[in-house]
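Take this structure first; my questions come after.
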Amino acid sequence: MGFLDIDNATKSYGAVEVLHRVDISVEEGEFLVLVGPSGCGKSTLLNMIAGLEEISSGEIRIKDAVMNGVHPSKRNIAMVFQSYALYPNMTVGQNITFGLEMHGVPKGERETAMAEVAKLLQIEQLLDRKPGQLSGGQRQRVAMGRALVRNPDVFLFDEPLSNLDAKLRVDMRTEIKKLHQKLGTTIVYVTHDQIEAMTLSTRIAVMNGGYVQQLGTPKEIYDTPANLFVATFMGSPSMNLIPVRVRTEGNAVYAVTQNSQGQEISLTFFQPSDRLRSYDGQEIILGIRPEALTDVEGADQRSAHVERLENMVAVTEPAGSDTFVTTTLGGAECVARMRSDADVVAGKQTVFAVNMEKAVVFDPTTEQRIL
Amino acid sequence: MSVATQDTAIRTGRIARAMIYLVLVLFALFYVLPLYVMAVNSVKPLSEITGGGMMALPEVWTIEPWLKAWSTAQIGVEPTGLRPYFWNSISMVVPAVAISTVLGALNGYVLTKWRFRWDTILFGLMLFACFIPFQIVLIPMAAVLGFLGLAGSTSGLVLVHVVYGIGFSTLYFRNYYAVFPTELVRAAQIDGAGFFQIFWRILLPSSGPISVVCIIWQFTNIWNDFLFGASFASGDGAPMTVALNNLVQSSTGVKEYNVHFAGAILAALPTLLVYIVAGRYFVRGLMAGSVKG
Amino acid sequence: MQSKSEVDFRSRLQIWLPKIVLSPSLALVFVFVYGFILFTVYVSFTDSRILPFVDKNGDPTFSLIGFTNYEKLFSLSHWEISLTNMAVFAGLYIVICSAIGLLLAIFLDQKIRGEGLLRPLYLYPMALSFIVTGTAWKWFLDPAIGLENIMQSWGWVSFSFDWIKSRDFAIYTVVLAAVWQSSGFVMAMFLAGLRGIDNEILKAAQMDGASNWNLYRRIIIPQLRPAFLSAFVILAHLAIKTFDLVIAMTGGGPGRATELPATFMYSYTFSRNQMGIGAASAVIMLMTIAAIMIPYLYSELKEKT
């Protein structure tokens, strides 16, 4: 039993099931991020936790109390909306205390709570203004203040940063993380931005097509994605997927593919599993993150197994901190992340270092990772 | 030269522009003409009108026609002037506008923020009710008003105008609330506000403009109604429009055109004032009532 | 657990409140609009002549007679005249209002100085009662004191304009007054449509070398389709409902020269005690309007949801 339990929850509109048997248990103090492309069901799930949408079957429990059918205001939750949803006709102070007022909290207590939150979020000087007079970042703070003042069991965030410009988004991201570390509250956070998911969460649920594709820590999701969807959705640039054939020779297992000239090359797997051996002679998909495909000097010195291969550089894209190099392996376009001053020229051969310790493999038909 | 709001890309030559201005001004004269005729002839003696001086400014200025139209002209059988009928109209319009606007606001709120199965169809049925030829309800309505004992009374007309005004007032508020962020309603729900609290505290404070639009529309329509007034309240309880028509059509005695014009202006005055004071909202109402969006 | 059931009651009330709030309006509309329509349809199949429908003994004063009223209706020359007048009136009204509305809108959209002054002048007639409009035009067009008299007193002795007294031309004076009242409104609709057109499209068309004439004919006016449609629907429904204006201007005369279905219905129902026929004519009017409004409302509502 966790702090917030989502137990076999499904959502259907008429005959159409949009969310299929979701099972997530969130511990107290956890920061769970629901991430996925639009239409994946993440916002629906959040609204179900909030009580804004009914649960078609299954259960949602907060602190072991079943929440099905309980009014949103009686769940002791608070929500920060994408548009912030600040009441335009009320001042910042009234916005923050509206929920307390609705719950019959006496005025004195409301004022104290508001002052505390305003201080925490450094919005004391804004309390008498109307939302229309605030900047995006200030509105964001007020929206958080409105959630915080209720002192809820669970905080729900619905894409709270997507209306901010790039710079402010990064700042507010840090701010939210700080706040979580300071207050230790339980948070469920919806976003379509995988970087937000990675940086903020203690655990991530990657969703697609109404299914939870994978639930795990950011590291698990990033290093060992459960399937091709998770592998490509998380990480930017996304994971390189190279079609290879498996060849076993004694203890060694090789991934056989072609370089950009169409010549056969092979890479040795690091600690191949028995499952992988059973694919001998079959086509599989080799997944290599851009940072695991790099120049020789940039290769991870602590990796137990780095392979080298020479290949043609198609395009170079210097990005300041890194240089992204496009090349072709097994007919698939791959992106390598090299040091910014790596010596590469488009149209010339160069040596790539492949960190096979980080390589993952997928079954091309089931699209699941081969363990 | 460039106006920031609407910088049309079209350029026209000087002669073309002169023609455009000419046409626009001629049309302006066409629209103003009847109002001018009514105004100047309501302040001159009858002899000046019949003598062919309809377009001329009065030689002798008089407010006699106005006084007569207001308080002594023969309407029907009594020489009461239009005054009692003016008050009939007021006491019909005020409650009818208030009730239909309040119902429309609540309906719009429910239809956009508490959606349920068939809500669009129900709204469509309400909306179609605005466009029916009211002849189709005259007979049963006369029977029902007779049955309720409301025939010929102001309360009866209030009922009629509320019933047939709901469609438009609902339309206004529905379209307005449709673009009101639903997240605000959800936030208020989480904050613990109930159905009426959300309406009262969250939606209503932002509903000023659309309320003005709706009130003006309903006021204009109900004030200007003639069919219901003539069908259900043609006697002492008649509204202003019916009384004016009786005044103008009365076949006894000399036709006092100047009194007719004064009466017409009196009947037009309330809606005209509203138009002058809040024309912007009036136009918005017209547009929203036609181009639903 | 008493508090629990109380909470349940309040939650359940919250769920039902929206429907409870909507229901009085729905009930009113269903009874007073749809119920009444059915009732009128029923009356149109009876030989009812006057209200009330029951006599002192509680016996009905009418009996069912099938389609007889409709047969009678379409054999009446009075009704035939009304329909012909309707066709003339509605056709001219819609076409002239649209033409004037479009012309004024296009002209006003040329960055006109004083637009803020002109626009309200074009639109104010819409705020007036048709009875007021009718009174003004009735006397202005009256040959004894109005236009004819004015022109003659200004020296044009042979000038003659007595259309309002003429059986052949009176209907056109009604068109004139109706156009005066509504064309400004159509102008406003077209102007809104014009202002909604993306200026960059116009700039692109000018780069392509389109003349002003072609710009309007090929680019702008085709984009006003929704405004044309709305204008047509609104004007058509106003035309069919036209009643007050005729009553105030001509009273349906001279003779029956300006009778319309609405005035026909009114006089058969309330003055001639032929309620069955009045009801039948109202049903025909409703069907005409429904044929225009229902597809329009259907498409409008479908788009939005």
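Labels A, B and C are assigned to the chains in the order they are written; within every chain, residues are numbered from 1.
Just so it is clear, contacts are C-beta pairs under 8 Å (C-beta built on N, C-alpha and C of every residue); 3 or more make two chains touch, one makes a residue touch a chain.
Just so it is clear, the model here is predicted, and its values are computed rather than measured.
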| item | value |
| --- | --- |
| Touch graph components, with chain B removed from consideration | one piece |
| B-C or A-B - the one linked by more C-beta pairs in contact | B-C |
| Separation of chain A from chain C, taking each centre as the mean of its C-alpha atoms, in whole Å | 58 |
| Distance between chain centroids, defined by C-alpha means - chain A, chain B (Å) | 57 |
| Separation of chain B from chain C, taking each centre as the mean of its C-alpha atoms, in whole Å | 14 |
| Multi-partner residues of chain A (each touching 2 or more other chains) | 71, 74 |
| Where chain C touches two or more other chains, by residue | 14 |
| Residue list for chain B, restricted to those that touch at least two other chains | none |
| Of chain C, residues touching chain A in the complex | 7, 11, 14 |
| Partner chain B, residues of chain C touching it in the complex | 14, 17-19, 21-22, 24-26, 28-30, 32-37, 39-40, 43, 51-53, 100, 103-104, 107-112, 118, 120-133, 135-140, 144-146, 149-150, 152-153, 180, 184-185, 188-189, 192, 195, 199, 202-203, 206, 212, 215, 226-227, 230-231, 233-234, 237, 240-241, 243-244, 247-248, 251, 261-262, 265-266, 269-270, 275, 278-279, 281-283, 285-286, 289-290, 293-294, 297-298, 300-301, 304-305 |
| Residues of chain B defined as touching chain A within the complex | 181, 183-184, 186-193, 197, 201-202, 205-206 |
| Residues on chain B engaged by chain C in the complex (per definition of touch) | 3, 6-12, 17, 20-21, 23-24, 27-28, 30-35, 37-38, 41, 49-55, 103, 106-107, 109-111, 114, 116, 120, 122-129, 131-143, 146, 162-164, 166-167, 170, 178, 194-196, 220, 223-224, 226-227, 230-231, 241, 244-245, 248-249, 257, 260-261, 263-265, 267-268, 271-272, 274-276, 279, 282-283, 286-287, 290-293 |
| Chain B-touching residues of chain A, taken from the complex the two chains share | 50-52, 71-74, 77-79, 81-83, 85-89, 98-99, 102-103, 146, 150 |
